[in-house]
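So, here come the structures, one by one.
Next, two complexes with chain A in common: one pairs it with chain B, the other with chain C.
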Partner chain A sequence: MSRAAVRQLVWLGLAGTGIFIALMVALSWAATITGGGTTAGRAFDLDTKSITIFLDDEPPQLDSRRTSDTISGMVLGHIMEGLLRYDARNQVVPGVAERWEIRPTGATFWLRNTARWSDGKPVTAHDFVFAWRTVVDPATASDYAFILYYVKNGEAINSSKMPPDQLGVRAISDSVLEVDFERPAAFFDKLVTFPTYFPIRQDFQASRGVRYAADAQDLLFNGPFVMTRWAHGANIRLEKNQEYWNRDAIRLNAIDIPYITSDTPTLVNLFKDGSLVWARLGPEQFEEAMKLRWNVARYGDGSIWYVDFNFRPERPTRNLNLRRALQLVTDPNEIVNRVIAIPGYKPLNSLFPAWLPGLNGLFRQEYPPPAITLSIDEARKHLEMAKKELGVDQIPPLVLLSDDTILANKEAEYFQSLYKRTLNLDIRIDKQIFKQRIAKHNAGDFDMVLAGWGPDYADPLTFGDLYASFNGNNRSLYNNPAYDAQVRIAQNSTDQSARMDAFAEMQRIMIEDAVHLPTHERGRVFVQAPQLKGVVHRAIGTEPDFTDAYLVEAP
Partner chain B sequence: MSTPAHLTPADFAPAVMERHVHAISRPSLSYWQDAVRRLRANWRAMTSLGVVIGLCIFAVAGPWIWQVDPAAQDVDQISQGPSLPATALIVEPGTAWAGVTKEPTASGDVVANLRLAEPATTQTVRLTWEPVVGATGYVVYRSIYDPAPDRALGLPLGDSLGANRVSYEDRLDLKPQRYWYSVVVLDANGAEQQAYETFSVDVVRAASIEEAQARGWTTQDAALTVGTQLTLPFHPLGTDYLGRDMLARLIYGARVSLFIGVVAPILFVLIGIVYGSIAGFVGGRLDQVLMRFAEFVIALPFLLFMILFKIAFGIGPGESGVIPMLVALVILDWPPTARLVRGQILQIRQEGYVSASQLLGAKTGYLVFRHMIPNTLGVILVTLTFAVPSAIFTEAFLSFIGMGVAPPTPSWGSMANDGIRTMLSHPHELIFPAVLISIAVLAFNLLGDGLRDALDVRMRGRE
Partner chain C sequence: MLAYTFKRLIQGVITVWFIATATFFAMHAVPGDPLANERATTEAIRKNLEARYGLDRPVTEQYVLFLGNMMRGDFGISFTQENRRVNDIIRESFPVSATLGILAVAFAAFGGVVWGALTAIYRNRLPDLVITFLVILGISVPGFVVAALGQLALVDINAWLGFSLLPIAGWGSIRHMIVPSMVLGLGTMAYLTRLMRSSMLEITNSDFIRTARAKGLPPTRIFLKHQLRNAILPVITVLGPSIAAITTGGFVVELVFAIPGLGRSFVQSVQQLDYTVIMGTTVFYGAFLVFMVIVVDLLYGLIDPRVRLE
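Here is the complex of A and B:
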């Protein structure tokens, strides 16, 4: 190259770098003016008592009557309050109701007269009656209407057999709410902490119409915080509710949510930059976390994860011997310890997770699930029987539907290789984003699916009724009258030991019939700024819960 | 005045015919011989040619030399960097461990005598310690660094609830390295104590005979005894996030990449030649129509058509998208070649030798095959060599975004996509496919560059 050419190259390079830098500066300046004044960049502020957190996703539905996901549940848990709530130690404590009484046939709640909506008007028993009636109204089409079936006539109203005003709930006065039960519900105090049971004020809802809960100004709050900004898909800001009855106990003034992502490398980088007060870790960040000497913590989020089979008539997975063959080569221990490799995850070999309470202690300790002896030889025998019964020489390729996340991809490819190696089965992986995975799961467009289920209340029934033929969430369309009978016993009996026996029987049927292949209970690993205290992570209810959180000086 | 030259009669004798006035001092070189000579003098192009041939051998002969299944998962060697063969200690088959329970006698806020209950292997690390009065449980942490002095305990593995339950079994992703285990006492309120007991363990890689056989590390009849060392499958370039051999995956990935990279350009260049020659040779209104259509095809968005073809072909989820990719490339990428060939043909048609040939009665076929095609061959060859890297890159890009091969089939692009997640902790999973993509693209480009220089008629006879 000649000297002139070199000089020209150097000039071009310098000019290019200069333009690039100018562009970056201009873009970041543009971002600050279009960012709507987001106070991003500070993980926490001791003076203003505010923190910055993230959400996994945009809350899909903040109308408490219709919501069905944990992200909306987390936001609603901060801005709304039901009759009762969970405290930091997961005990049911008074919320809007200051005392309550649960009888075999019904319940009475006495509301505190200091409970206020964020516009200053009192929260009354009528607000609960209105909300509950609209939940079970078939016109509302709430996914969670079934959780109100414990209230008298709930199921009949939801299936259009009665008008909504026949629901067994009455406002005796502004401050006394009386509920009649359809069937005994000893855990009704836990049910009313659930978002579907939250109050909604009729006149406010009417003033907003279909726009109710569509934006921050289309919501009325009665919880510890109010939502002051909701830029969809971008950021959310919660501020302390000055009308909240227990406002003196709330020590945070603001919760900023400028990041909506579940990508752990991003979260960890933001945490490192001091832009987030806490961050979840993925297995790729463990080494870094140990190197940076962070205090890593862990919790179980209560959910169970499993391979769900399709029981629709045209699907090969309807064949018991095929499912048995797959069951006999699937080792939850290897999946958790080698493939997932995240502490906090636990191998699962039952429909019921290990944390569920039983009669006196933990259900799984009182009723251990029948053991499965893994055996490739046995599995191959069952596979041969399955081929004979299905009348095929080779099982057609099975479609394994999975989420398009790092972990789900890993698991799906592990299953693909496992079943190819042990049973010579071809598995086709159908990766979909969460929404689409749920849609395909609901539509039955799969042979197998990597699915999960989170608990709604701390009773084995929250998992047990999942495979009842009459449950709308039974997306595999498993239909077994013997199983349904056990679910009915668990739903209708007040005898705890009879109920637990029924759950044990469900657990046995699930394994005998290889209805699904449980793999793991999910755990979460996270880091948190040491200045932040009092955050609660739990299996059931608002998670994470910042209601009692507070900031301290660095230790 | 100048004096007249002195002329002699000999000057007026007839000249003797000299036969060698126009003798050619060097051997005659045809166009192609000259091109090859110039190509061989271009060291960059020759190196690239060597690399291209090497890649082809790598892809074609690789599986015979390196007979490892690219989809086989070795869950005992996950995300391992390039290394020498590892060995594992043969141990007794693992049995379930009930754990240790012991009633507490000593009180305090930290456990004593944290120790191994059994030798630590990659199968399992079983810890036990002395119980503490008043504890409600114990939390076990594990780190790859010493927790002292700032209480950096590492990952919380799990807990053991109850004062008397003084054991923990760790099986989580154990690697043959040193770990620091720490145990923290939970007080009556379930809160973790500040004090901790720590202890370091060197874990050794181990397997039972049954596992070794099930994983195919040894044959059924090979005599193995507990306590001996067994050599594990060798992964010279390491393994990926599911313990699959990187070298085998790179070889099979090269097959996909080179298949698309070579077959697609050959096909679309052929289409382009035929299309361009017709347009250029016939000319007139047909030329106009054909060229406007070619421009229309250029305007079609590639990615959209790739997706449409995938749907039109009925490619379901989890099935390979390589064939639709090939079709999309062939259907959408021929117009540039067609334009180039048309231009060349138009130019050559005006040349004197073509007119001469026509006057001498040459037929169309003769003109095309004798004069037109050979004279455009150089341009075509250059187009082809430049189309190959762009097709390789397209394949890599489409597989990267998940539109290409279906798992478990590897391709360089999909391997790069898998590797990017663990870029910081296990960079080899990204670097190897990325380097191969870069080398392949660069080699084909430099080769194309060299070919263009070599085949340029104006450069003829020059170095």
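Here is the complex of A and C:
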């Protein structure tokens, strides 16, 4: 009985395996006719000059006028080009414009006549006028319209107070673009590198309508690469743009992106297996990489992270002595080294991160922030003063709003125990998903909040205006005329050294007034195949940037 | 049979409507602002966005609108991928999830039946003990651990072989499908093995098997026709729901193996409060689940002559 049964089972098992394989064949055939995925190649190929990389996520929006995230920004930075661009050393260099002039009241850009769209037609000043007008048109509902407020009437148009054709930008001819400023913008050259300022050709956009940028064939390119395939969530392929004006300088023929994932163990496995040319490391992979003696590199992603206070009238955090007490026991070094403990992160003790350019070198080296001497005794004195001023015996529990991420949880719990231990303050952690954290942050429903800010352009103002009373992003409602005055100087002055002095003053006020508690600059660590050179990782702009990348034989 | 099918389909439609309604109101009750972003926008933009997604109307009106659109099979435009229709997202990524799911279920079903029958035949002997131990392991180890371990093992195998036997991650060819589908099906296979084992044992001791043996039927026939066919019924019962569960629950496997399935949209939409994608994927998955249950009930009638569908 049982032997016969086992024989039957073996047959059944074999039949099962057969059916399983047949199913796979059938399904993969079905997949090829519906065009789902594609087979991935190797990490790099010296002969075809192609590389294989990953993206953290599907790029949500490749319409440059409406895009607001870094992943779309990375893809757009390769397939499109603005008037100017950043080079490998983060200096502004010519893009579509070959020369430019910035005056206190406006700017003029002279476009190169070799700039072409991927269909061979020239890129003209009209393409910029069209794109910029639709950005500020409230019907477009662009999240980043504010970045065009430096152009005359930008804000008024965006608030429906004027029609879009009143925007202060004109095409003098096909190759000369003239911009009128709403207020002086000494860093306008940096602004036009931003995707929101990219050109879009009206006739092409009109031919696609709402489908514009929804698929690879619904995009027209003017950057170093063109997108030849975009299987959503699965696969993207970029190829060298044969119409690009600087095509001779582009040394890669193709960039394959067959992996859309941010899972660092998977990325490292793929890198080990020779399927990815670079991989980002998480803390666990970092240790492994050190053991394997891989060449690990670091870069900062440019963002700063801090604890924001609520300055609304009914909140105890409005009291300077309370904020000072908290400031005097908060040590960014300890937070980065003991709490976050992720390689690549740096302690932050200013509103301005260390990478920001200053007058000649780096801002923070030219204007170091005033030091804070941590002291629990001093902190307790300030706490007592705060209680007296607030007229309470005990500070009520403070609500600490935070994102529901592993890192934010760790930090929030650290603050909770730190402030209990040192100041006997009770902290109530309010953990929320990102959208709800933002909603509560907007509504002022918090005492303290773990927040962060990413830069839009390489000028200290991208962080500096955050705490201006007239800035919609100032969710703490911090309101200090002295601070506002400095922001106005930085916005309106074209004298760089006067602007830098203003930033230094903002930096001082932020610390003096304990407006927020900076904690860290976010960093990333990664490994990369030694055959790949010329990749730029940067805090601002296209990141990572493969425009100037090239392959060499193994060293 | 026809009347029964019709009745079940009507019930199914009502169930899906209920799922849609419950999800819709639960979703709107979740705190958070789907349009909020790090960068503040002007009042005018905010109004335009609200109008685009119909958020400027009262919730009940939104609900009526949603139902109307759903009847026409239109779930609207995604909040996060602003120029993509939810229907397109489902149409492009569901086939991937389904492929993975079907393979995983096939793997689980065949494996479960074969291992289950084996353990029953070798009851309390060494093969039974070994397989049962592995089964308990398979049931208790969570999917993401199996997925991560499977991938790690693959890296080492490839490195040891000196060439890429199977890809580590990604999607597109047969070679990409093998490991993820096995990882995804493992838990179900373990569960089915146990189910098959107990059901086999019960039947082996039943009267009609003894009768079959007594009247001198060849053992092969007894095993295939009487034992296996009867024992497999409970397995079929759970197969329908597990197809749906596996297909919809592959998120972790999809994440680890970088597979472009619907699971990612399903999970991310909830985290990002992407209202239209939440509704689209939930209703779609709900309908799929209900449909699979009906199919299994109908199949039951075909396999077991004792079951009458009326």
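In this section, the second predicted complex is superposed on the first by the 346 of 555 C-alpha atoms of A that agree within 3 Å, B and C clash if a C-alpha of one lies under 4 Å from a C-alpha of the other, contacts with A are read in each partner's own complex, and residues count from 1 in each chain.
By definition in this document, a residue touches a chain if its C-beta (ideal position, glycine included) is under 8 Å from a C-beta of that chain, and two chains touch if they have at least 3 such contacts.
Quick caveat: nothing in here was measured; it's all calculated off a predicted structure.
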item	value
Touching partner for A:270 - first (chain B), second (chain C), both, neither	second
Superposed model, chain A: greater residue contact from chain B or chain C	C
Touching partner for A:213 - first (chain B), second (chain C), both, neither	second
Which of chain B and chain C A:399 touches, first, second, both or neither	first
Which of chain B and chain C A:9 touches, first, second, both or neither	second
Chain B versus chain C as contact partner of A:470, first or second or both or neither	neither
Touching partner for A:439 - first (chain B), second (chain C), both, neither	second
Chain C-contacting residues of chain A that also contact chain B	265, 432
Parts of chain A lying in touch with chain B, wherever the complex brings them together	265, 283-291, 293-298, 333-334, 336-339, 341, 343-344, 376, 397, 399-401, 406, 410, 412-414, 416-418, 420-421, 427-432, 525
Of all residues in chain C, those that touch chain A in their complex	30-34, 36-45, 47-49, 52, 80-84, 88-89, 92-93, 95-96, 99, 102-103, 106-107, 109-111, 113-114, 117-118, 121-122, 148, 151-152, 154-155, 158-159, 164, 167-174, 176-178, 218-220, 222-224, 227-228, 255-258, 260, 264-265, 271-273
Parts of chain A lying in touch with chain C, wherever the complex brings them together	1-2, 4-9, 12-13, 16-17, 19-20, 23-25, 27-28, 30-31, 34, 36-40, 54, 58, 60-61, 63, 66, 68, 138-139, 141-146, 155, 158-160, 210-214, 231-235, 258-261, 263, 265-266, 269-270, 272-275, 432-436, 438-439, 442, 453-454, 471-473, 475
Interfacial residue positions of chain B with respect to chain A in the complex	71-73, 75-76, 78, 142-145, 150-158, 171-173, 214, 241-242, 316-319, 402, 406-408, 421-422, 424-425
